[in-house]
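Some structures are shown below for you to check.
In what comes next, subunit A is part of two complexes: it sits with subunit B in the first one and with subunit C in the second one.
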Partner chain A sequence: MPEYTLRIRRFDPDSGQAAHWDEHTVEMAETQSVLDAILKIRNEVDGSIGIRCSCQQAICGSCGVRMNGKPGLACNTHLHEAALRGHGTGWNPPEAGQRTHLIDVEPMGNMPVIRDLIVDMDAVHWKKVQRVTPWLLAKEPVPEREYIVPHENMVDVTQTMACIQCGSCVSDCLAMEVDPLFIGPAALSKAYRFVGDPRDAQHFERLKDLAEDPHGIYDCTHCFNCIDACPKGVDPMSQIMRLRRKAGSDHDIEDRNNGYRHEHAFVNNIKRNGILHESDLLADSYGGKFNPNAGRELVSGLPTAMRGLARGKMTVKKLLLHEHKASGEIKRVFDTVEGRSERVELNLYVTGYEDEPEEASAEHREPPAETSVPQSESESENA
Partner chain B sequence: MKVAYWPGCVSRGFTPELHGAMAKVAPLLDIELIELDRASCCGAGVIAEHSQELADTLNARTFALAQKTDGAMMMNICSTCQGAQSECQERLDANTEYREHVNRTLAEEGLRYEKDAARPFTNKNFLWLLVEEIGLENLKARVKRPLTDLKVGPFYGCYIVRPVSRLGIDEEHPRDRYMHWVIEALGGTVIDYAGVYKCCGFPIITMNKEASLTQAGRHLGDAIDAQADCLVVPCPLCHLNLDLQQPAAAKVVGRDLGLPVLHLPQLVGLALGLSPKELGMNKHIVRPTSVIDWSTSVVAGSAA
Partner chain C sequence: MLIIGAGLAGQRAALAAAQAGATVAIISKVHPVRSHSVAAAGGINAALNPEDSWESHAFDTVKGSDYLGDQDAIEVMCREAPDEILWLEHAGVTFHRNERGNLGTRAFGGASAARTYYVADITGHAILHVLYEQLMKHSTTVDRYEEWFTTDLLQDDNGRCVGAICRNLRDGHTEVFNAKATILASGGAGQAYKPTTNGLIVTGDGIAQALRIGAHLMDMEMIQYHPTTLVGNGLLITEGARGEGAQLFNANGERFMEKYAPNKLELASRDVVSRAEQTEINEGRGFPDGGIALDITKVPRRRTLEALREIVNIGRDFAGVDITREPIHIRPGQHYIMGGVKTDVDGQTTVANLYAAGEVACVSVHGGNRLGANSLLDTLIFGRRSGEHAAARALQMPMPSTPAARVSDTEREIAGIIGRDGNGRRVAALKDELGETMNQYCAVFRDAEGLAKAHEVVRRLKEEAPNAGIDDKGSVFNQDVIAAIELGYMLDVAEAIVIGAEERKESRGAQSRTDFPERNDEDWLKHINISLDGDGEPKVSYSPVTITRWQPEERKY
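Let's turn to the complex of A and B:
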């Protein structure tokens, strides 16, 4: 059986001692889990190691930890897999030649450590989940019997319902790292679960609240860490983008954080110019050149622009005019797609991948309306 | 090799030095660039956030234009283009019905994005092309002025390293190590610091300026503390937050910064013998003094 070396980060905030790493070597099959190894060490060598776990089947979401720099569940990560982990984190790079046996285990990030591998989920994660009103605000009148919900709507929210509240995505959220008040990936995914549910009566109010909050849906930096972190395929960042789409396009919520304006300014900028005209985008994101808010922002950005001009990075001509204009073909793509009566979306979580028969066959359901592909009017012409 | 070349928007807008440097470096590596001048912005994730179909159609159009050239593949010089386009390509390739739906919009222009299993459509950032097509040995052989004693911190950002499965990062293609390898192949010293794989903050600069600049300032500070002479980025949007906004970021994090940030083609160009000025480094906001000092120093001079 292969040998694995686990380096476990130990810390007891009450002890007054600094954190340190304990190293243990175990002989175990490569398909046993990191949790198996931790429990073996705890049972046989050091009973004082703090780890939270329960089901050991990736259902309860208790054993979230960082393994070689990447968050996940200790119970569904094979030792072999954990040792190779570290892509996108620089941990155990292939050059170091230790990729096959060394596993660093530490508590999740963005949350205070209670002891060793146990973090305070209440202080951060659960507080944020409560922030989004995580229950159904039912439509009135309440029917005598059950609500009838279109199947496609339920399929649409199943992805967020797969969340087991393990906190892995919260651990590595880079927006939360600099803005601890950011509502964050797990709670915002939970918010989509109700915004996407037709039984809920307060879609607009929920979206308005999350769009207006300076730490809400427009605070996400698009870093994709939560997508890679999630052991259940929830794709929290994609849910945040869905919330933005619904807030901006379905409910026309013009928030005070410039989220709506930035998105619409960007789309119109490309429609007009084909490629981005940055200085226009900047002004329009703040409400247009003549908007008082824009004035303030642009004045505060003036030193930046002056430095750009001084170094020849920008020219006055480039700031004010844009030589590039969108071709008729690009405009036509915009007109065709924006002119559709129904939004066309493909959610790969629902439809699966054609070339991977196993995954595709796991989903026998009909695609929901939003993800189905309507027949184009011009189909017969092109056929 | 011949490639269909997508420079993106920002390399022709606020970071013109990037487009210029790529044009100078390509012939030194025997890369022939066929510029896709009719293509549109990739959407940078923002168009996809507004309308997924719009982003997918615009990028399918870019792919179709690339397929019409005789380039061996498509090459970009912007991580954000790479990430946004890979996301669209993933959807287009995964579902025939959806692909045909998008192609119907393109048909009026006589364009069509083909998915051919025998000859899959490939779109690679310059970084990937450098390692996988040109090869590190080949690159090494062309170095005229090794980056000896230049301490370079790689800054990968987000779009080119996550999600790992979509970007084809695995044991066989550790694309999240390629910048480390390129720096070493050019003779430089890699500086590891906390921000190597973090976000520059650019996507939220108009929504939450303080959080955005805190990100940029923190990573720059960490690299300075790790003794880096400069950073290198594969993405012009990272360059905007790390260089153009660096004086503002310094104020937000409350410390002096002043760390030069190089575009990847500039770093390669330096080692291939081009001067900082030829590579447009005079256009940077943070004067690349440490890099210029290095390029005129005895060490670098003697190797030339």
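Let's turn to the complex of A and C:
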């Protein structure tokens, strides 16, 4: 069995000492999990290593940590996989000759550390969840029996319901690193769970609230870190984008943060120019060149423009006379997308696998009420 | 009111009690959404379809229990089930819908109709998170104490329960929670077994705490082995897989359930399927790894990906198997304890003002064997009923006073554990020995000889445990000291399990004695109760099984 060396970040406020690394070497199969290794060390060598853990099957959400820089659940991350991330190189595979048995295990980011691998989720994560009014505001009147809801809607919100509140996405959120008040990927996914639920009565109010909040849905910078970090396929960033589309396109919410106008300005800019015309974008985002707000923004954006010029990232010509025009191909893309009668919501959670004939699944969706004998029984008899 | 444990039973009790006007504190050693209810996968039973009836649900449950379940309690549970499902639906649970947009069902073991309501294969998770949404909504009426560990239940001079002593894991300080009524909702004891499908936090705390202050335990010998747990590490593969059409095969490729349960096949009761599998394995028809094949490829792939997503992930991450393409190897594994703290249908234990609900309790609705998807129902129905009943009583009571000296007793005890010299075996080593022993001798099949060995090991470990070494001397999140206390709980529970199994000299439900292979209604159609005598030693007594309308008959699937 291969050997792995775990360097575990230790911190105990009682001790009066600064945080430090502890190193332990274990001999374990490469498909054992990082949590298996930590528990082995804790059980056999050092019982004082602090880590929250319970189910060991990626459902309770307790054991979120960073392993070689990347957040995730210690219980479903194989040692091999964690080590391959390379030492301190985040996402990158190791270079030739680099030692691959070393795994740094640290507490998650963006949240204060309480002890060792245990972070204060209440202070950050749960506070943000509480911010999005995380309960159903049910449509009145409440029916005598169940609400009638399309099958697809329930499957759709099941993606966000699948969130186990582990904090991995919060740990890696770049926008939150810059703006600690950003509501963030986990809490906004929770918000989508209600906005996407046909039983909720306050979709507009929720969306308006999240769009108008300067730390709300338009604070996300599309870095994809949360999608990569999520161990459950919740795709938090996709949920944030869906909140934006619902806010902007379905409810025509034009927020005071200019998020909505910026998004439209961006799309129109590309439609016109093919590649981005930066100076137009800024102006258009604030209502056009002659809008007083735009003027203010243009002035405040000057230092950035000057830096761009000084470093050669931008030329005066490019800034003022954007010569590139959208190609026919780009126009065709826009025509196709805008020509659709309905917006296509890509929910990979449900539609990511397309190799089963449609009829088979529809037929199987509902077991007959009168019998509990498995339906596929006859298949096996034929086989 | 104080509620200990914040899984489904505890949270449901808290919401019901607050609704009834009581002042409620809910306390949990983990954040509520980490509670092990989160791992319940397949669904929740209710006769909600107009074609179905609660009587049918109740009969299936009685038969599933091998006639050891109390039929008055089963009637209560099955009658109230449909309204509970609707309450959950209205609170926001994202239950699966059929093509018409109504609640849809799936088939489950031991049931004569498809009456299991579900959310993919994350039903427990979905319900638990929705209840927590409701707790956040009602944060002004329910105080939450998250990551507080209960060390002892408190009693006044008349033996009434008056609250508990708890340790704040964050900083290690101890506090008294004074309460007119206390509801135990702290779950089962799966960690007394190794392997188990239960999380590391499921250590029998409440069962042992109640026993120690004089409560009676009941049906403790009834330990459910789930038919489909992963060969390697004991992780659960939901019964929903078989509900959707997955089949079991031995190493010869035979669908052996045809032999053991010709009508229900894979969807017979769990005890029946687990015994069948174990028999196949014992008689040499298992695979070399000691398992049986569960073939989920019988389920259309798209359906598996939509409705059994979690076990697709478990197969991939923990067994390296794509369950949509090939069979996965499973075996029976410890999953649930039907027994627990004896209660009535309102959750009242034999100790005044102490209630219990959920897996910690034994009402008894599961008797000798619990049907799949009846556990979530049990937690919610009896959680709610306990909350309502306790609130009504609490509103008419004066606040009891607490023996203040108890705090310093507890603090001294914990300091004693932390201050151990560390010469004894490690807590983890003792726990492993306990778990492996229980899994060897007190499992699917049992006999007097094996149980005697198990009993001996448990007694020895009980003597050894007070000297088990501790590494962590700190006060902030000292999980080491908690593990030492939990070991004590597990040993108490394990002893009660073994005593019950030794006592019951027949085979019924999950208790399958190879030395007494038949069910014996004449002598053993009764509950075995365990309590502590004046010297703190376990003693056995009996209580009758309540039979209302279903007379015991031979059990066939």
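Note that the second predicted complex is superposed on the first by the 291 of 383 C-alpha atoms of A that agree within 3 Å, B and C clash if a C-alpha of one lies under 4 Å from a C-alpha of the other, contacts with A are read in each partner's own complex, and residues count from 1 in each chain.
Rule of thumb we're sticking to: a residue touches a chain if its C-beta (ideal position, glycine included) is under 8 Å from a C-beta of that chain, and two chains touch if they have at least 3 such contacts.
The structure presented is a predicted model; accordingly, all values stated were derived computationally and were not measured.
S.K.: Just checking: does A:E263 make contact with subunit B only, subunit C only, both, or neither of them? Give me first, second, both or neither.
M.R.: first
S.K.: Examine A:M154 and indicate which partner it touches, taking first as subunit B and second as subunit C; both and neither are also allowed.
M.R.: A:M154 sits against subunit C, while subunit B stays out of touch.
S.K.: After the superposition on A, what does A:E323 contact: first (subunit B), second (subunit C), both or neither?
M.R.: neither
S.K.: If you stack the two complexes on chain A, which partner ends up touching A:E342: first (subunit B), second (subunit C), both, or neither?
M.R.: neither
S.K.: Of the two partner chains, subunit B (first) and subunit C (second), which one does A:T304 touch, if any: first, second, both, or neither?
M.R.: A:T304 contacts subunit B only, not subunit C.
S.K.: Which partner does A:G248 contact after superposing on A: first (subunit B), second (subunit C), both, neither?
M.R.: Once the two structures are laid over each other on A, A:G248 reaches subunit B alone.
S.K.: Is A:Y286 in contact with subunit B, with subunit C, with both, or with neither (first, second, both, neither)?
M.R.: first
S.K.: For subunit A, which residues belong to both interfaces, subunit B and subunit C?
M.R.: 353, 355, 373, 376, 379
S.K.: Would you mind writing out the residues of subunit B in touch with subunit A in their complex?
M.R.: Touching subunit A: residues 8-10, 12-17, 38, 40-41, 43-54, 56-58, 61, 83, 90-91, 93-98, 101, 104-109, 156, 158-159, 161-164, 169-171, 174, 176-177, 180, 192, 196-199, 201, 203-204, 206-208, 210-212, 214-215, 218, 244-245, 247-248, 282-285 of subunit B.
S.K.: Mind pulling up the subunit A residues that touch subunit B in the complex?
M.R.: Interface residues on subunit A, with respect to subunit B: 84, 87-90, 93-95, 174-175, 177-179, 182, 214-215, 218-225, 227-228, 241, 244-245, 248-249, 257-259, 262-264, 266-267, 270, 274-278, 282, 285-286, 303-304, 307-308, 311-314, 318, 324, 326-327, 329-330, 332-334, 336-338, 340, 343-346, 348, 351-355, 373, 376, 378-379, 382.
S.K.: Over in the complex, which subunit A residues touch subunit C? Could you list them?
M.R.: Its residues touching subunit C are 12-15, 31, 42-44, 46-48, 50, 52-62, 76, 78, 114-116, 118, 121-122, 129-130, 134-136, 138, 142, 145-151, 153-155, 157-158, 161-165, 193-194, 197, 199, 350, 353, 355-356, 360-362, 364-377, 379-380.
S.K.: Write out the stretch or stretches of subunit C touching subunit A in their complex.
M.R.: 30-31, 33-36, 38-39, 49, 51-52, 86, 89-92, 94-108, 111-114, 119-120, 122, 125-126, 129-130, 133-134, 136-137, 146, 170, 199-201, 233, 235-236, 242-247, 255, 263-267, 298-303, 305-306, 309-310, 313-314, 317-318, 320, 426-429, 469-480, 483
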